[in-house]
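Order of writing sets the chain letters: A, B, C, D and E. Residues in each chain are counted from 1.
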Amino acid sequence: MGITDTISNTLSFLKLGESRKIFYNNPINNQLRQDVEHTYIKAYEYNEQELIEHEFASVQECARLKDSRYNVWLNIEGLKRDEIKFIAQTFGINDLVEEDISSIGHNAKMDTFENYIYCLVYMLSYNNNRFFIEQEQISIICGRKFVITFQEEHGKDAFGKLRLRLQNKDSKVRLNSIDFLFYELLDAIVDDYFYLMDKLSMRIETVEDEILNNLNKRSFAKIIFYRREMMILRRNIYPFRDIITVLMRNEDSFFNKRTLRYLKDVSDHINQAREMVENYRESISNIQDLYLNQENNKLSRSMKVTAIVTCLLAPATVIGGIFGMNFKYIPFLNNPYAFYIAIAFMLLIPVYMIYVFKKNGWF
Amino acid sequence: MGITDTISNTLSFLKLGESRKIFYNNPINNQLRQDVEHTYIKAYEYNEQELIEHEFASVQECARLKDSRYNVWLNIEGLKRDEIKFIAQTFGINDLVEEDISSIGHNAKMDTFENYIYCLVYMLSYNNNRFFIEQEQISIICGRKFVITFQEEHGKDAFGKLRLRLQNKDSKVRLNSIDFLFYELLDAIVDDYFYLMDKLSMRIETVEDEILNNLNKRSFAKIIFYRREMMILRRNIYPFRDIITVLMRNEDSFFNKRTLRYLKDVSDHINQAREMVENYRESISNIQDLYLNQENNKLSRSMKVTAIVTCLLAPATVIGGIFGMNFKYIPFLNNPYAFYIAIAFMLLIPVYMIYVFKKNGWF
Amino acid sequence: MGITDTISNTLSFLKLGESRKIFYNNPINNQLRQDVEHTYIKAYEYNEQELIEHEFASVQECARLKDSRYNVWLNIEGLKRDEIKFIAQTFGINDLVEEDISSIGHNAKMDTFENYIYCLVYMLSYNNNRFFIEQEQISIICGRKFVITFQEEHGKDAFGKLRLRLQNKDSKVRLNSIDFLFYELLDAIVDDYFYLMDKLSMRIETVEDEILNNLNKRSFAKIIFYRREMMILRRNIYPFRDIITVLMRNEDSFFNKRTLRYLKDVSDHINQAREMVENYRESISNIQDLYLNQENNKLSRSMKVTAIVTCLLAPATVIGGIFGMNFKYIPFLNNPYAFYIAIAFMLLIPVYMIYVFKKNGWF
Amino acid sequence: MGITDTISNTLSFLKLGESRKIFYNNPINNQLRQDVEHTYIKAYEYNEQELIEHEFASVQECARLKDSRYNVWLNIEGLKRDEIKFIAQTFGINDLVEEDISSIGHNAKMDTFENYIYCLVYMLSYNNNRFFIEQEQISIICGRKFVITFQEEHGKDAFGKLRLRLQNKDSKVRLNSIDFLFYELLDAIVDDYFYLMDKLSMRIETVEDEILNNLNKRSFAKIIFYRREMMILRRNIYPFRDIITVLMRNEDSFFNKRTLRYLKDVSDHINQAREMVENYRESISNIQDLYLNQENNKLSRSMKVTAIVTCLLAPATVIGGIFGMNFKYIPFLNNPYAFYIAIAFMLLIPVYMIYVFKKNGWF
Amino acid sequence: MGITDTISNTLSFLKLGESRKIFYNNPINNQLRQDVEHTYIKAYEYNEQELIEHEFASVQECARLKDSRYNVWLNIEGLKRDEIKFIAQTFGINDLVEEDISSIGHNAKMDTFENYIYCLVYMLSYNNNRFFIEQEQISIICGRKFVITFQEEHGKDAFGKLRLRLQNKDSKVRLNSIDFLFYELLDAIVDDYFYLMDKLSMRIETVEDEILNNLNKRSFAKIIFYRREMMILRRNIYPFRDIITVLMRNEDSFFNKRTLRYLKDVSDHINQAREMVENYRESISNIQDLYLNQENNKLSRSMKVTAIVTCLLAPATVIGGIFGMNFKYIPFLNNPYAFYIAIAFMLLIPVYMIYVFKKNGWF
């Protein structure tokens, strides 16, 4: 990672203000959610033997999935209010959930209904060009025979590997009931948190190296920037943990016992993520202290230079001033050694001064 | 937002002391509550089919609402002790509630009685002229068939949109029982918190930009000012959350199951508000660190300038002093190159000094 | 509040060490409690119809109150170990309570016994002459038909208004059983906390103004002083809250249901007091930050002055030094414009230096 | 307390490192516990009527106390592994307890067994010569008819007054069962904590006075030192509190109801101790802030002196330099008032500079 | 510990980045776990009478241990995925456990299954050459009749003393059931934490001494470094404590009552470790404060030197400048005492200045 990169990073942060999104998580702005122009609708019907993939042009085509004899995963990328409403009505989803799906900046949350669980969480990824965390809201509805996922944006999600496993007849997701697919989705999202943290940890180390090597003046702004990124991570990890904790209580027995063991594994991971974030935060705080101490040392050295040079300068100034005066009667003026004696004093006095100051521990 | 604005903001804070209100939330001052001259009394009687609006000249006229066969919302703007007493006696409200309604600066609170719930909360709005948070106390009494609201001031409240919905025959508030109206009131108050935070977040960003661009000297006072505003927000959000939590337990079954789902939605929002405030606080603390670091850098640079110039100056002073003395016998005085050699030393020595200091990492 | 006042305030704090009392809350010093010379014993016998006031010369005279058919409030001001023992034995009070009554600096506390409740709390008042919080220990014993209060000192307490209400036949305290008197005592003590906080908040604002206007050098000592006062407040408010919480559980049913509602009101107030203290603490911490930032700015400006003047000075010193040397062969000496050129350099070089430094953001 | 004392205090801390003991509370070092050369074994057999004191030469002689018909207090000062083992086997004490008795630096703890309670706590005292807290580990085993105490060292403990009370036929300890003796031991240990805190509080005030009066340069080291002492206090008080809390639950009914009231009294005291320590910590932190602010002020003043003197100096240097040059053609040189005008400028310019800087709030 | 050591320590930290491992505890990197080339497999079959030691060339040979009539301890050093899978299948271990065993950087954790307990913890040791904490992951599976341990690395573990005790027929581990072996393993790991803390505490003291004696410039970097080491310790100690707490609940009765007492002993130790770490952290924070204060003092002294020397210098510069001017008419030039008077002023004025500044408390 070159210096140019890190500078452009800082600049992007300073100029483009991407990270300021944190200021706009405002539920009253629901009405501001713009419908996307086009949504991408895909569905998987699967059981142990078969897997059928669909690509739908309109949500109306999804209606018949409701009564499928397979396990169904319906994935919709891009949000249109009408489509959400249609799906909600078809699958019997509460209108408050409908509202949450199209909300902006909602905290990660979970609600349990009689026939389904609703989860709103965020997929996090690292924007490698502009060096900040990107959040994509995802809503997951897990019914008794179907899972529906609504993604904010098309083109990127955390489920690539899962789709491959779905193709594989012997994968656990095929051999288990629909709750296992739900687990797999959560697991994939959490896994991505770790990829993200990996990236961030490398960048934090880069800042640390820059500070240790005194390379770059914007280090402090970067430290502040990473403190903010950590804030975003925490905002996602902590409520996610609460969600998993509630899910594991399994009060409405959505999960069979085997899947619960796997949920415990996600729980372990999210706990680890939480601790890593706390470690990063402490690291960043250490780095900040290191930086501030270094700055302080520089200050201290400037002062010391000034003090020493002032001492060195002093006697010469004084003696030079004295014997440079134009009085008529000045002693020693005619003394042939006077010049050399004056020079000697000019040299010895500062040496003595510094000696005294040093002895008294003043430097 | 121009600089003039932000300056006048700061000045208003410094001079007018509006934000100091925080010091006067003093329950012993109950007797200080001045009766307003005129109160504005409006009532709505409604059910699924009908909506009847009333404007009353005196509280006495409200008495008959007690036995209305409609759902009743009685809204009183401006507080007069006699009127509060009359209403309390008419509707069978405890005298401690009466006292709370006319109290000043009470914490947000809730009490459950046999036949009604009492809530005291604050409506917050942002004063766009003088740049600070305005609080208006509101008391809400929710009985089995009526809701009574007492507002501190006339002319502004959070319920504009709700009144429009009331006109609409198909709105949920019309189709549901009185507890839904109670939910709508709380929801409207919380929604306003978000409008307020939106405003504040923009102003915090303005300060941040000012600091990053080094524009304004009063930045620190503003940071402190926003820390105080956040304090006010927290003081309202945290007890509000406690109120909602208790309401959701629904121990006295004031709410039907459907309304509880909506209360959960308010709860989600208030949780989000809480988290946003914590984020803002962390942002403000980041901005403060940024500011302090910048100030420190400036200090550091001043010292460095002093140190460097002192070094540059030193040899010229010394050499000039030496050969400016009026001794009779000074070597080299008659040497035709002496002047140039002296000049050379005057130039070379500081260069060497700075080189040595730099090499030793002293600058 | 004039400057003279605030200075004398600070000085009283610095010299007289009143606030240091905090260091002497030492239970092992029980034996150090000196008996007062004279105690003031007053009693009230009352019911709905009658009120009989007594002033007793000796505790022995109180004995017969034990079997009074009235509600009894016995108030003793000034502590004598023998008298406490006599009262304890007469009314059947445990010897550990006896010890607590005569203790010094005990934390606020409550103990429940079979036939009575024992509370030790502090009345707080603000000493307007010497500007600090005064604490007076008070022990309250609430039995089934009597309340006994032991005050540390005579001449001042929180119960003035309560005595007036007792005279009033229609006051709630007369119409209710003895537990209501107990509530009234606690309420009066808490009310005084608010009077005190009012005083303190004004003084904190005074310090804030002094800092904003740069008036006074001892500001920091005052900030520290108010931090301590807040510590005293917290030490009293937090355990008081615990006491109220335990009382409200009403495990031994000392309180009838109606009084419990009133206890809830005290609880609201003490919660508010708690929050106000936390707000003051945050305010003080803000003020401290403001002060430190101001100090830092002053420092910064001194350095900048030094740096700028050093720059302005530098070329004149150097050029003056050069052409003040007494070498025989110095160029330009005879040049008629040389002087003006030298002056020009003396002026231009510092301007250029400052320009360069400014451009590079060094000032 | 003279300055000499406080200096020697600091030096003892800096040189002898007594306080560093805190680093060696290491349970794996059990094997490092050296047997003392001689142990001092005393026992008391007592009931309401009689008190028999024993001094034993060897532990073997204690064996018969096991079946004494009196209450027995066996006190052993100095630890020998063999003796501990003998006592443990005689009185039926678990080998893990045996290990704990001879452990070093164990946290204060309590274990309940079927027939006895085991407590490990620390007696704290203040070393008046070398100014630091001394800890002595004490193990207390409280059986149904006996109490055994193992002290780490001979010659000093907290039980002097208790021994006197034991002599007194009418003292509570004689009139009650063995659990009351156990209470008395704990109470005596806690009482000593207060003596210690008294000493510490005086020393903290001394440091405060030194700082306020600017007397001593090692103040900061002392502040740090007292922060450490507070750490030691906390390490003992907090687990002690947990022990008392568990004891008061009285799950195995070791205590009769009357003794429980007294335990509550110890609990009150330990709570007070806890709060005092927190107050001291806050005081120390205040003092530290005060000190740092003072240091900062000194720094600020040095800078201001430099800035002002530099200003005063500047014009004289410049003007003197200008008219001290040896150019042939210098205007005004022959003007008879030129000298006075130059002097005037030398005086007026710095006055003006300081005026301008002051007006702009730069000083 | 010489300075060279501590420098090389710091350098190793700065250059080799060993301690940065903390950034790589990433569960998604499971696939990165490289199989070791060779694993070392040892087993012990034992009961009260017999002890049989095995060294196996391949895991297949372990299969028959499953049905051993002895207690079995199977210890595998070095991780190969195939071998883990084989063991897991042979002993009926869940595949999630299998995954955890081969994970990297997992938090310490515990899972209870029907027939066994699974623990993942870390053995910590101090690398004496490169001065940092080394972590080795260890998985412990405790069944009804067997214990299996998987170590990350061969050649070093915490169980040396335990192996010796196993040889000893009369040792508790031989006399008890398999749960006691499990306790012994945990105990041995915790004991090593104390050895480690011993080392660290010595090194922290070294840094403290360096700071007090002003020896070394990299002190701050070291302080930061030890703060990190403490972070590693905490990361292991806190979850370990949670594990022990859950084990002690003994919900599946894996432990007999006697072993539970011993687990309580481990619990005591881990609590002590926890507290020691908190103490170290506070110590480090104290040391950091001490260091920063010292640095500040140095800065302060430099400024004071500059201020004093500037004062001393000032009058000589001014007076010298004045009478060094070449005006024709300068008063006193011909006065024979003028020179001495000038010198006198040069001496007296700075003395007076310093006197004035000192009196006003400016130095």
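Details
Please note the rule applied: contacts are C-beta pairs under 8 Å (C-beta built on N, C-alpha and C of every residue); 3 or more make two chains touch, one makes a residue touch a chain.
Since the structure is predicted, the reported quantities are computational estimates derived from the model, not experimental observations.
In this structure chain A contacts its sequence twin chain B using mostly different residue numbers, the overlap staying below half.
A rotation of 145 degrees, rounded to a multiple of 5, brings the CA atoms of chain C into register with those of chain E.
Rounded to whole angstrom, the centroid-to-centroid distance between chain D and chain E, based on C-alpha atoms, equals 26 Å. Inter-chain centre distance (chain B to chain D, centres taken as mean C-alpha positions): 43 Å. With touch defined as above, residues shared between interfaces to two or more other chains in chain D number as follows: 299, 303-304, 306, 310, 313, 317, 320-321, 324-326, 330.
Of all residues in chain D, only 191, 194-195, 197-198, 201-202, 204-205, 212, 261-262, 264-265, 268-269, 271-272, 275-276, 279-280, 282-283, 286, 289-290, 293, 296-297, 299-300, 303-304, 306-307, 310-311, 313-314, 317-318, 320-322, 324-331, 353, 357, 361-363 touch chain C in the complex they form.
For chain E in complex with chain A, the touching residues are 14, 17, 20, 22-29, 94, 96, 99-100, 105-107, 109, 111, 220-221, 224, 227-228, 231, 235, 288, 292, 295, 298-299, 301-306, 309-310, 312-313, 316-317, 319-321, 323-326, 330, 332-336, 338-339, 342-343, 346.
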